[in-house]
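What follows are several structures.
First subunit A sits with subunit B, and in the next complex the same chain sits with subunit C.
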Partner chain A sequence: MKIKVRYFGQIKEITGKSDEYLVEQFETVQSLKSFLKKRYPELNALNFKIAQDNKIDEDSSHLHGTLIDLLPPFSGG
Partner chain B sequence: MENRYQRHIQLTEIGTEGQQKIQKSKVLVVGAGGLGCPALQYLTAAGVGTLGIMDADVVTASNLQRQILFNENDLGKNKAVVAQERLRQLNSEIIIKSYPFALTHENVADFINLFEIIIDGTDNFYTRYLINDQCILSQKVMIYGALFKFEGQVSVFNHKDGPSYRCLFPSPPKVGEIPNCSEVGVLGVVPGIIGTYQATEALKIILGFEDVLSGKLLCVNLLNHSNTLFNFEKRDTEIKKIKKLKRVIPIENKDCFVDFEVSLTQLSSNEKIMWIDVREKDEAPRITHLEIQEYPLSRSITSNSIVQGEAKIIAFCQTGLRSKAFVQKMKNKGIKNCFSLKEGASELNDWGRKI
Partner chain C sequence: MKQKIKNIFVEGAIPPSKIAASIAHHQEKTKIGAHNIFLGQVRADQIEGKTVSAIEYSAQTEIANQVCHEIREATFSKYDLSCMHIYHSLGKVKAGEICFFVFVSSAHRKPVFDSLAELVNDIKEKLPIFGKEVFEDQSHQWKVNQ
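Then we have the complex of A and B:
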């Protein structure tokens, strides 16, 4: 199962792209997070949330979504 | 005269009754910047009965690209005060209050308790978490908005016991983790759109509409026209933590938080500080153990007479009143990193002897 991962805010600048497809399999949100942090080490310094199929989920949740979003908090006003 | 709210009243969803609700409502806008300006304009135009504007900062030239309540004549003036004057011209029938100082953990309860809905127009996490925590304690609704370059986020927190900002982002970012306001650019219209979304949600909540952004995070990207709506759940542990403590939990990251006052208790002995005495030369006590520069408030200073280096500039006087006026003067001259000491000269003298 292919998943689409989209990047928001400064995460897009870290990854250098607004989205990509992954073919790897992941058990949990956490395992996907670890995979992405290895691929993009700068993500380690950042606090962000992951949504699957438009629902923001806990790291311990089972990864079932096909659309994954990485959301950092924004600061600007 | 034609009723100024006619176009609202014509809507069956609003009507006379709905318009009366708006006119009885009380909204506090914290931060009269990119988000606050458009939100304030629409809320004033809509006839929100009592509108509070809080901002410690002054208008600078780089604000004018997006903070549309201000013009070139306002440079150096306090944003809350200027916004109040401008908005009064738009609607003289409502009460508009200006609070030209920062929201702090000490005053947050006093001000949030005066209003029903709080619009988060801040540019820093410190104030955002303060608002969030106090809204939980005081049972007020917080309308969140924030930006990054061409993107924005909007949400509604603590609405009818719904999720809070801490449910979305439980751990506050560390200093430097998220680029701060002065490091990142933003397309001027982005805060215009996000601030207008915030005003929209405020009016919907006042009118009792069902479908508000509670438990939902709206992410807007103006570059690719995508609007994405995310659902998120309430985290009872986060909310209980605040309720049990019965007070806000100030976060450590004070990046971009504008507060003119600093206390001796907040300073460490190895910090680089340029001390400025704004008292007259004959006032006692003189400070004996610290290097002091003297700029009595009564004398005018040219902007280049104080050279801004790495050191934090801290002005002091006998009580902390004149030093505040001095800091305001410095800000007007574009000098940043300048603070007013909360304590007076004798406390500073004792502090200087000890370090």
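Then we have the complex of A and C:
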């Protein structure tokens, strides 16, 4: 199963792209996070959240979504 | 009745005329006795000798609108409000311009005083909106909420 990963805010700067497709399999949100932190080491310095299919999810959750968003710290207002 | 999810985002700064029009729009709702308004304005912060000239906002708009909808519903059930309007900018907003507008109305003052601070805090904390502070020399840093 192919997943689309989108990058927001400063994460878009770190990865140098707004999205990409991954074909690797991930058990949990945490395992996807670890994979991306290896690919983009600068992510280690950042506290970010992951959303699956437009819902923010816990690191321990099963990775089931096909649309994944990486959300850096929120700074609206 | 389930309310449909509203889009809170507007492109660029929120013009003062929009705020005035919004107030005027409530004059026909004569059961209202109290309004309360929060306006977020872009601050020309000085950071290491450089001055912020604008903030460029981006967001995961689907999640932001969904979470804002949940906050809105929770606030309506907690406080006796007749109206609630929430707008946030996307894109570039210059220092001195308005980027965030929250407007609550009720028959009396207590619900609007109590609900507004909570709403503003919840929105700032829970909505995936990202501010990029652009300096006068066009360099930038990512905004961190206090």
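Note that the second predicted complex is superposed on the first by the 73 of 77 C-alpha atoms of A that agree within 3 Å, B and C clash if a C-alpha of one lies under 4 Å from a C-alpha of the other, contacts with A are read in each partner's own complex, and residues count from 1 in each chain.
We take it that contacts are C-beta pairs under 8 Å (C-beta built on N, C-alpha and C of every residue); 3 or more make two chains touch, one makes a residue touch a chain.
Keep in mind that this is a model prediction, so the values were computed, not measured.
Engineer: Applying the touch criterion given at the start, work out whether A:47 contacts subunit B, subunit C, both or neither, answering first, second, both or neither.
Structural biologist: first
Engineer: Go through the superposed model and pick first if A:77 touches only subunit B, second if only subunit C, both, or neither.
Structural biologist: A:77: touches subunit B and subunit C.
Engineer: So in the superposed three-chain picture, is A:55 touching just subunit B, just subunit C, both, or none of them (first/second/both/neither)?
Structural biologist: In the superposition, A:55 touches subunit B and subunit C alike.
Engineer: Can you list the residues of subunit A that meet both subunit B and subunit C?
Structural biologist: 8-10, 49, 51, 54-56, 69, 71-77
Engineer: Flag every residue of subunit A that touches subunit B in the complex, lowest number first.
Structural biologist: 8-10, 18, 45-47, 49, 51, 54-56, 69, 71-77
Engineer: Under the stated contact criterion, what part of subunit B meets subunit A in this complex?
Structural biologist: Contact set of subunit B toward subunit A: 31, 33-36, 120-125, 145-149, 151-153, 168-169, 171, 173, 177-181, 184, 186, 191, 217, 219, 221, 224, 228-233, 255-256.
Engineer: Where on subunit C does subunit A make contact in their complex?
Structural biologist: 40, 57-60, 62-64, 66, 88, 99-100, 120, 123-132, 142-145
Engineer: Can you list the subunit A residues touching subunit C in their complex?
Structural biologist: 6, 8-10, 49, 51, 54-56, 69, 71-77
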